[in-house]
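Take a look at the structures listed below.
Next, two complexes with subunit A in common: one pairs it with subunit B, the other with subunit C.
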Partner chain A sequence: MFYISVFFQYMAQYMKTKLQYRTDLLIEWLSDFMAQAVNLVFLLVVFGHTPLLHGWTRDEILFIYGFFLVPYAVFGAFFNLWDFNERYIVQGEMDRVLTRPVHSLFQIILERMELESLLGAIPGLIIMAYASVRLSLTFHWYDFFIFILLVIGGAFIYAGIFISLATISFFADARTSIMPMMYNISSYGRYPIDIYHRVIRYILTWVLPFAFVGVYPASYFLNKQEWYDYAFMTPVVGALFFAIAIMLWNAGVRRYRGTGS
Partner chain B sequence: MDKYVEMIRIRFLMMLAYRTNYYTGILIYAINIAAYYFLWAAIYGDKPSMQGISLGQMTTYVAISWLSRAFYFNNIDREIAMEIRDGKVATELIRPYSYLGMKAVQGLGEGLFRLFFLSLPGLLVVSLFLPLQFPENAHTWLSFSLSLLLSFVIYSELNLLAGVVTFFTFRNEGLLRAKRFIIDLFSGLILPVSFYPDWAQRLMDYFPFQAISYIPSMIITESFQGADVRDGLIVQVAWCALLLLPIGLLWRMAKKRLVVQGG
Partner chain C sequence: MNAIEVEELRKEFKVHKSRSGLVGAFRDLWTRRYMTVRAVDGISFTVKQGEMVGYIGENGAGKSTTIKMLTGILTPTSGRIIVNGMNPHKEREKFVRTIGVVFGQRSQLWWDIAVQESFRLLKKVYRVPDEQYARHMSEVIEMLEIGPLLDKPVRKLSLGQRMRCELAAALIHNPPLLFLDEPTIGLDVLVKLNIRQFLKQLNERYGTTILLTTHDMSDIEALCERVIMLDEGKIIYDGSLEQLKEKWGQGKRVAFTFAEGKDASILQELTAGLDVVWKKGEQSNVWVAHVPSGGVPEVVSRVAARYALQDIRIHEVSTEEIVRNIYEEGAVHG
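And now, the complex of A and B:
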């Protein structure tokens, strides 16, 4: 209960500071939107030259992409760890975090949340709606709840991977250049997994399970029965990777000595 | 001049201290490029070529454009923005060198480091399992090297320009981020410019972005031949020169209105 009330207090505080700089907020949202537009343009341009991608149509791929944007927005809002090393380890902020009465990871999530990222889900929903109309997809009443479950699962997979990456800073005191590159790799989960060589397919499924944030869960809504097993594993994989990340984090915190700054 | 060379050396050595995390970097680059290869293979299907580019050339294009990016990429726009916010820029300005020049050579030091410790080993790893096609013509390599160097100059100039704008706006993270994505999209990094619809291609001729990635990558894949290579290089040189103008102008204005809040 204490955690929940802390959460809402931080959220209220966050709103106040953000609304102080409204133009910043707008520009930030626009630049987030543009970041996504890059991928959308890629898809649209490519499908200007070919009708099918390994048997998948343009609208199916667009749907996968739209779906991906939703868990990604949730992840972006709460797990903003990309400058964890700089901010918390190198500058020594971690010392302060450790004196707080909540779990250190929770504290950092609160400090770094960017709720405006949630707006990124809106383009995703629009793209999904557009694609489903063109594909004349039908939905059941319970699909809404499955959608929520798969989105949460996907966001936890992302969170698990990026928290695990952030914990590297506890073990090796080096700047890590891995994160930006990981963002690139994560985009490959948005394409039909069967186009890849089996090594990459294996990596995207079990090692860096980005396929669970795009193509697997989306294929449930696209009625691709052959991927249903994977689609329903999304929440399980999410919980698993998140749990591993928390364990790594706790182990890392135990090793943390501070930089003395 | 000596002090600039020294700064390149220092940056290179600074990066060298962190070289271990580049080993994983190479691996991730390799996975990245391999995934791109399969994506393109699926896009090609059984078409022998698209827009005059074969799958083999496209694979090389993708590999080279990502590895080139490691060389020309730098964060000097962010560094300038950070130094303005921290107030460090005040001490930088009283030092006996050109602030922007120093930033540019720091970027070069970093770029050279990544060229030797990320791009070249990365290229080696990728060529083990992907069918890359390298030109045998020494002339092509020479043109490519020149073109890549010009890419660095243009990219850094755009970064300096964005950095100097911070003197007027104080906070412009959004702008810097937007600039990065525009460059990724329109430089030909993720997609050769020739794939875009005609109107978009015509529009892009008015911007310096394709001089960053598209031109060198088209040269190394020999998709550009003869006069095209020459024209490409001329376009790059022209942008290098042209971009100096707004930088110089804004820099003169910026120095006058710089306000350091504490620091």
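And now, the complex of A and C:
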């Protein structure tokens, strides 16, 4: 309860800050939008040449892509950890965080949240709507709640992986360039999993489970029954990876050694 | 109850030793050599409630590391710490509600939002009831004279203004114990005086225990009856400032400006039997005599009788010099 009220307090302050820089906000959103448009064009070009990819139609793949954008937007809004090492370890901001009576990770999430990233979900929803009309998909009333659950599960998987990566900064001095690489790998999850080699499929399911952010949960809505088991494991995998990340984080904080000053 | 109890506290860092040159860099890729550095090396002390203690030492002596262990930021390698009856890093979130921390070189406030918005956020974070906040903070704001600054964003404040706001921010939850790490660094004299005045009032009014590190000895003289001096991770002095002055600051310095250059041996001969140490001054004809208390008239009369003088100046030994002397010799004897 306390954490929820702190969350809203931070959010209110965040809004006030952001409204001071209106043009920034607009440009940020436009550039995000452009990046997604490029991805979309790429997909369409690929399907200009082949109507089917391993038994998946163009519209199905579009739907997966649209779905993927939603948990990705949620992740982007709340888990901006890509400069954690630079900002909190090297510049020593972690010291300040650790002198406050709120869990350190929670504070950092609140300090770094970028709510405008949530707007990135809108193109995703539009693409999904477009694809479902073309596929004439039908939905039940409870699908809405399942959708929410799967989105949160997917966002937690992303968060779990990137939090775990951020904790490397507690253990190793050196800066790592692993974060950008992981962003690249993460995009594999938005294509049908069976187009990949066995090994990659295994990795994307069990090691870096990005498939749970895109293709697995989306296949529930596409009525691909052979993937249902995976689709419903999404929240479980999300909770598991997030829990592991929190444990790693707490262990990391104990190892925190601060900066020289 | 003591505010701080520290026993045999130790903090070691493993530091990666890099070899020199390109070849060295390649060898570092394969085998890394580590060196263990003891930043804090077995220190013990206690601070009673309501005390104001100056924690001093040169850069790298281990001051900040100690403060970070006392505030729960760093985990000690070994030893026992009890602050406000708690183990700082074990019960961190509960513990930090009982302390206030100001790092002079780091901001607690949010850069883009108005000062009072930062306060409001911290009030929430520390779960301070409205009524307590209103009563306590209005006093703090008045004492620090920051009322007019409250609706300005932090980025538009001068360093002195910001520092006073930082202090207020650290006191939102009215903590019984306050840690200040270099609170007056880079501030002008007026702001320093204002901050010292405020800390004194805070201590008298609320009995707030204050532990402060600083490079400015005048801070310590103005505020602290007790100093703990640190060198290479060890405590080399723990006691009252008065005693330190008595033991080390006895006597005076007399600077003689002679009409012409003089030799050390001649002067030493002149004051033989008086326990005087001569040191060369800034110019060739200036010599400074360190004279034990009571010996000044005798020295002056002997020198003046013998040589032509342009000027004589007599100085008390300042705390700053005492501290410098102690560091030059490495430890406090006796």
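Methods note: the second predicted complex is superposed on the first by the 260 of 261 C-alpha atoms of A that agree within 3 Å, B and C clash if a C-alpha of one lies under 4 Å from a C-alpha of the other, contacts with A are read in each partner's own complex, and residues count from 1 in each chain.
The rule is simple: a contact is a pair of C-beta atoms (placed from the backbone, for glycine too) under 8 Å apart; a residue touches a chain by one contact, two chains touch by 3 or more.
Computed from a predicted structure; not experimentally measured.
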Joint occupancy of subunit A by subunit B and subunit C, clash or fit: fit
Subunit B versus subunit C as contact partner of A:Q13, first or second or both or neither: second
First, second, both or neither for A:R22, with subunit B first and subunit C second: neither
Larger contact residue set on subunit A - subunit B or subunit C: B
Which superposed partner A:Y256 touches (first subunit B, second subunit C, both, neither): second
Touched partner set for A:H140, first subunit B, second subunit C, both or neither: neither
Partner chain in contact with A:R198 - subunit B first, subunit C second, else both or neither: neither
Superposed arrangement (fit on chain A Cα atoms) - minimum subunit B/subunit C Cα distance in Å: 7
Contact footprint of subunit A on subunit B as seen in their complex: 18, 20-22, 24-25, 28-29, 31-32, 34-35, 38-39, 41-45, 47, 50-51, 171-175, 177-178, 181-182, 184-185, 190-191, 195-197
Touching residues (chain side subunit A, partner subunit B) in the complex: 21, 24, 27-28, 30-32, 34-35, 37-38, 41-42, 45-46, 48-50, 52-54, 172, 174-178, 181-182, 184-185, 188, 191-192, 195-197, 200, 203-204
For the subunit C and subunit A complex, residues of the former touching the latter: 13, 16, 64-65, 68, 71-75, 89, 92-94, 96-97, 99, 101, 103, 105-108, 110, 112-113, 117, 120-122, 124-127
Subunit C contact footprint on subunit A (complex, rising order): 2, 5-6, 9-10, 13, 16-17, 20, 92-96, 98-103, 173, 254-258, 261
